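Take a look at the structures listed below.
Shared chain: chain A. Partners: chain B in the first complex, chain C in the second.
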Partner chain A sequence: MNTLRILPKYCCKKTQRFCRLPVSQNRFYARPTSFPDFFQNPVFRKEDQAKLVETTDLSKLAAVPVKPPAVYETCSAYHDPLVNKVINHVMEMGKKQLARSLVEKAFENIKRIQIERYHLASTAEEKNKIELNPKKVLHLAIENSKPLLQLSPIKRGGITYQVPGPITEKRSLFLAIKWLLEATNEKERTIHFPEQFAWELLDAANNTGKVVKKKQDLHRQCEANRAYAHYRWQ
Partner chain B sequence: MLSRNWRHLCRRYSQAVTFRTTEASPAQQNEKQIGLFYTMNQETCKQLFSQGGFPKSFQKQTKTFTETAIMIRQPALDLINCIKSSDFNKPAIRYVLYGEKGTGKSLTMAHLLHYAHEDGYLIVHVPWVSEWLRRLPRSKEMSNSQTHEGCVDLPLDAASWLLHFKGQNQHILKTGELKVSKEYVWSKREKTEAGAPLAQLVEHGISRVKYACDVVDALIKEIKTLSHNKQCKTFVAIDGFNSFFYPVTRLSTPTKKKVKPEEVTLTTTFMELTKNDWTNAVILLSADQLAVPDDHQESHFPRYLLYKKGFEHLDPFVPVEVGRYSEKEFLSCASYYRDRLWLRGPPEIDTELKFTSACNPYRFMEQCAPL
Partner chain C sequence: MSHVINFSVKHLLPVTKCYLRGNFVSSFCKYSSASNSTSNSGNVLDNLTDWETLSKKKKISKAMKAYLERAQEHDEFMKKQQQEFAIGKRHLANMMGEDPETFTQKDVDRAIEYLFPSGIYDPAARPLMKPPEELFPARKAAEFDEAGRPHHLLFYTGKPNFFKLLYDAADNIKQLQNFEDRVIRKKATPDPNGALSLEGSVWLTKEQLEQVLVEKILDLEYDNFKVVMERLVSLPYSYRCKDFIEKYRNTLASQKFALEIPKPSYDDDGRAFITTYECLRKKARGDVTIRSPGSGKITINGKDITYFEDVQSREQVLFPLIFTGMQDRVDVECNIEGGGPSGQAGAIRWGIAWGLRSFVEKEMLEKMQIAGLLTRDHRRRERKKPGQPGARKKPTWKKR
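Presenting the complex of A and B:
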């Protein structure tokens, strides 16, 4: 899987080109910050730093002021930008610690379920098939629930048509995470979020479940409305 | 495919040498095996801990790992050596386990219980005192004591404890060698005669829940006299003992009066048990920060947790500290978790986890969970 595609926009230039965002080195801040525009984003991953040393861009960076890294930008061995993104989507009212603990508990549940399956499986082949890494399960689940097309309402002759069209990488990532969370929140009151989220992720990683069905429904709708496709440019 | 499996097997085997030991009997374990895991027999485990005794998180782990493995650690070995070399004709020695949260006091106790079980002790084990005094499920039942003036009974808790006691000492109670020394009259029609087997007394408490607290009281007295007369040797283990000394409990009477711990009959019973006026017994207690509410958790030392009253009640006792993992223990634990698929990823994660968890066993286990 191409991990670069799911990096947040501020992490690398490749993504920025892909998302057609204005090419700027600045991290997106909701409020004005004390850092002027010419401050560079920090390079906080050890791999990236090694790359800088190799390409001798380091001397260039050494001369310009750099912003301090945010709390979640760590050089820890288990830093994952996508996980961070999901945590931010789960977060409500800025309670990040709670959101993080919820996502981590969901990971724990995934792990327990999968390890149990692993022990139950009889042959080595079956065992190899079971994905035990919860982060990989998350990546797979999101990859499987990303839509490839979208419907946009366009008004022609007084009638609003649902016109199919391509979707940006960023929007499809957003929709995938949003759908996963929506499916999770459609639960009984007695079931806890981490439990349900774990099940949804496992379902989506397995290419089944509510979210994948939703994606397929959207694709079907797009296919049905293909006759309107020309309205996008007419 | 074959070569991959082969490599896998090799790796597993090479790890298996370093973190596991086949010595399953605690009495035989020695200093060389510190930091190694031994697997507890499923049946023993079921007999000893089916009604509680392991912390909840550990219980979960045993299910996930499909085995019950306990690390052999210094405090447990020290205690076993101490017990082996102590003189049982002298008054019972009291050991108090203490240590920070999550360092393994309860698991050390579980290890010692396994030892006691193998060595043929009569086990009197209270899994968690706070379960009685600080936990309030909907079905909590309280009644005024008939025998103790101004005291409160917890019949359901007492009955479930009797069940636990019966389960743990099946093999000793079955033989019927332990006899009740005097007659107990419960009501007009019900009484336990002198010379009846101890199992009958326990059965009575379980079937007539109303008298469960009095039965526990009688049972403890009987056990004390029995072991004083050298008819059996007793191993007392009480986890979260300091809960008995916190000024108030969560319980309240129907008239909304807060109950103090000394007003609960079970407290007086187990206070009696932990005195050192009897012989032929080992008393293992633990002082735990988690057994008392947040406002009294500043220190993990026994003097602070037991208050002056508890400290004087237990004095003289042998304090045993359960500490964090040492370098070697941490390494073996990490490789055990890797073997059980609980921890994965590059080896540099280990060093990182070592720093973030500060070698605290519980925190290490918890931080491995989402990885």
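Presenting the complex of A and C:
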């Protein structure tokens, strides 16, 4: 149902007030699930539900069949979709437990490093600046390493040009996580993944390090290739 | 004078035919003679003969003739089927030892299920006995008059009813847009209470739509139908063609939890408890007992929550308890077997949520429904297919 809702621009502008069944979670399935398409996506987090209650009537929503939440989704305060996403990127060969433990160990390392810095800091001002919550560090790191532009190869007159263009939200998130993991895997064999990952995250959260440099390089390259931008539509 | 000639020709015609037929026995001659006579008379006596009635008789088109034959055949067939069905029903009633006069379709279905038990997975493939009107698809009435001229303006599209539906929908869209423009010109705002609510219904499925239209349609055409109707619904004044929209929607059955919520029973200590049997997920099977008031003690197969070694499964078990805020107000006991940790945790999650229905308020029940906790996850492992290494995975492509 959701995939079929193709509206012309004209309709979108005028119908915002009348939008039906707000979908606060965007879950994309690679292939159709075995649930019929009128099944709505579940809204299970407390804050999402609170938002939903404000706008619409509960009993009306409850009359519609809803898909069950997936195995990795809970309403607990520790549940974070972005952390889940990172775990899935870290995972190899379907070993999710291992991936999760690695990411959690990295969080532990971040916490240790930050607490040490916290105690070494002398003034209250410096202490305030240090972010102690590893999940917030992760969010910040990913936000800092997300690129705003991308280069796409376009062939014109036998020559391939690297043409800069805008990037979708989804792809920029993908690139940020991929770069962070690539930077982490360029390590000595004696250093373990959680330690290196923690350092990379802290660096990126601080707007320094390999990943942020990579992002800036890409931006610089896009800036240099500005002259080719018109190939996107010509 | 003219009258006399007219008469004579009319009388002569059959005579000449007979005469010719008697002499030359070939059909070719018969036709030629007929055409000769008519053309002759046409030249001479055009204004004298009653051509209208003559041509009417002759001009039933081939298509109409074929249609009439088919229709008659179908009517006879249906009549025969109905007779057979009536007799069969009486026999069945006698076999089951019931009164044939009061034997309803429900009884027939029950009897068939009893006499021909079938384990075939697809219900459509099991033996059945239904009235012939249901079994044999309805047919269209004649779409053209006797001269072969179609009634419907979209006859030559091949699917007049379907395209008429699209045409009507587009027409409605246009009208609504015009109406909207008029409202905007008057600087009024749409009535928010009048908005169309379609939550409890879905579009007709392809098969149902085909039945309504009495036409076979393609998947692509069905998608087009949905797109057009969605566009119509999305307009702010769509409630103005509510009748048209609701003709093509099916109401969904209301949710099960609203129907019956069991009352908890009481054990020796005076604690309310409720047991949910048949908690299923993947290959796991089990039952969950919830006792209230309690202290948040969880027992799974005699162990506590450390029965599950991974955190994800533990989170799943706690999900409904945390969601309803009952984690320290009830005790949970589960027996579970089969499947792996993920399936077992999912089964327990559903069992706890299902059991908690008796201990929470209506508002929380609705919240649980929106969170999808009350929906059973009926998905199973997809089977492996022959000729490929997995359910969907294909072998690596090799040129040779």
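Convention: the second predicted complex is superposed on the first by the 200 of 234 C-alpha atoms of A that agree within 3 Å, B and C clash if a C-alpha of one lies under 4 Å from a C-alpha of the other, contacts with A are read in each partner's own complex, and residues count from 1 in each chain.
Operating definition for what follows: a contact is a pair of C-beta atoms (placed from the backbone, for glycine too) under 8 Å apart; a residue touches a chain by one contact, two chains touch by 3 or more.
The shown structure was predicted, so the numbers you read here are calculated from the model rather than taken from an experiment.
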First, second, both or neither for A:Ala62, with chain B first and chain C second: second
Which superposed partner A:Pro81 touches (first chain B, second chain C, both, neither): neither
Chain B versus chain C as contact partner of A:Gly165, first or second or both or neither: neither
Chain B versus chain C, judged by how many residues of chain A each one touches: C
First (chain B), second (chain C), both or neither touched by A:Leu52: second
Chain B versus chain C as contact partner of A:Tyr72, first or second or both or neither: second
Which of chain B and chain C A:Lys96 touches, first, second, both or neither: second
First (chain B), second (chain C), both or neither touched by A:Ile115: first
Common interface residues of chain A - those touching chain B in one complex and chain C in the other: 76, 78
Complex contacts: residues of chain A adjacent to chain C: 1, 4-8, 11, 14-15, 17-18, 20-21, 33-34, 36, 38-39, 42-44, 49, 52, 58-69, 71-72, 74-76, 78-79, 96-97, 100
Of all residues in chain A, those that touch chain B in their complex: 76-78, 103-105, 107-108, 111-112, 115-116, 118-119, 124, 132-134
Chain B to chain A touching residues, read off their complex: 5, 60, 63-64, 66, 340-342, 344-346, 348-349, 352, 369-371
Sites on chain C touched by chain A in the complex: 180, 190, 192, 195, 197-200, 202, 223, 226-227, 230-231, 234-236, 252, 254-255, 310-312, 315-316, 318-319, 322-323, 342, 345-346, 350, 363, 365-367, 369-373, 375-379
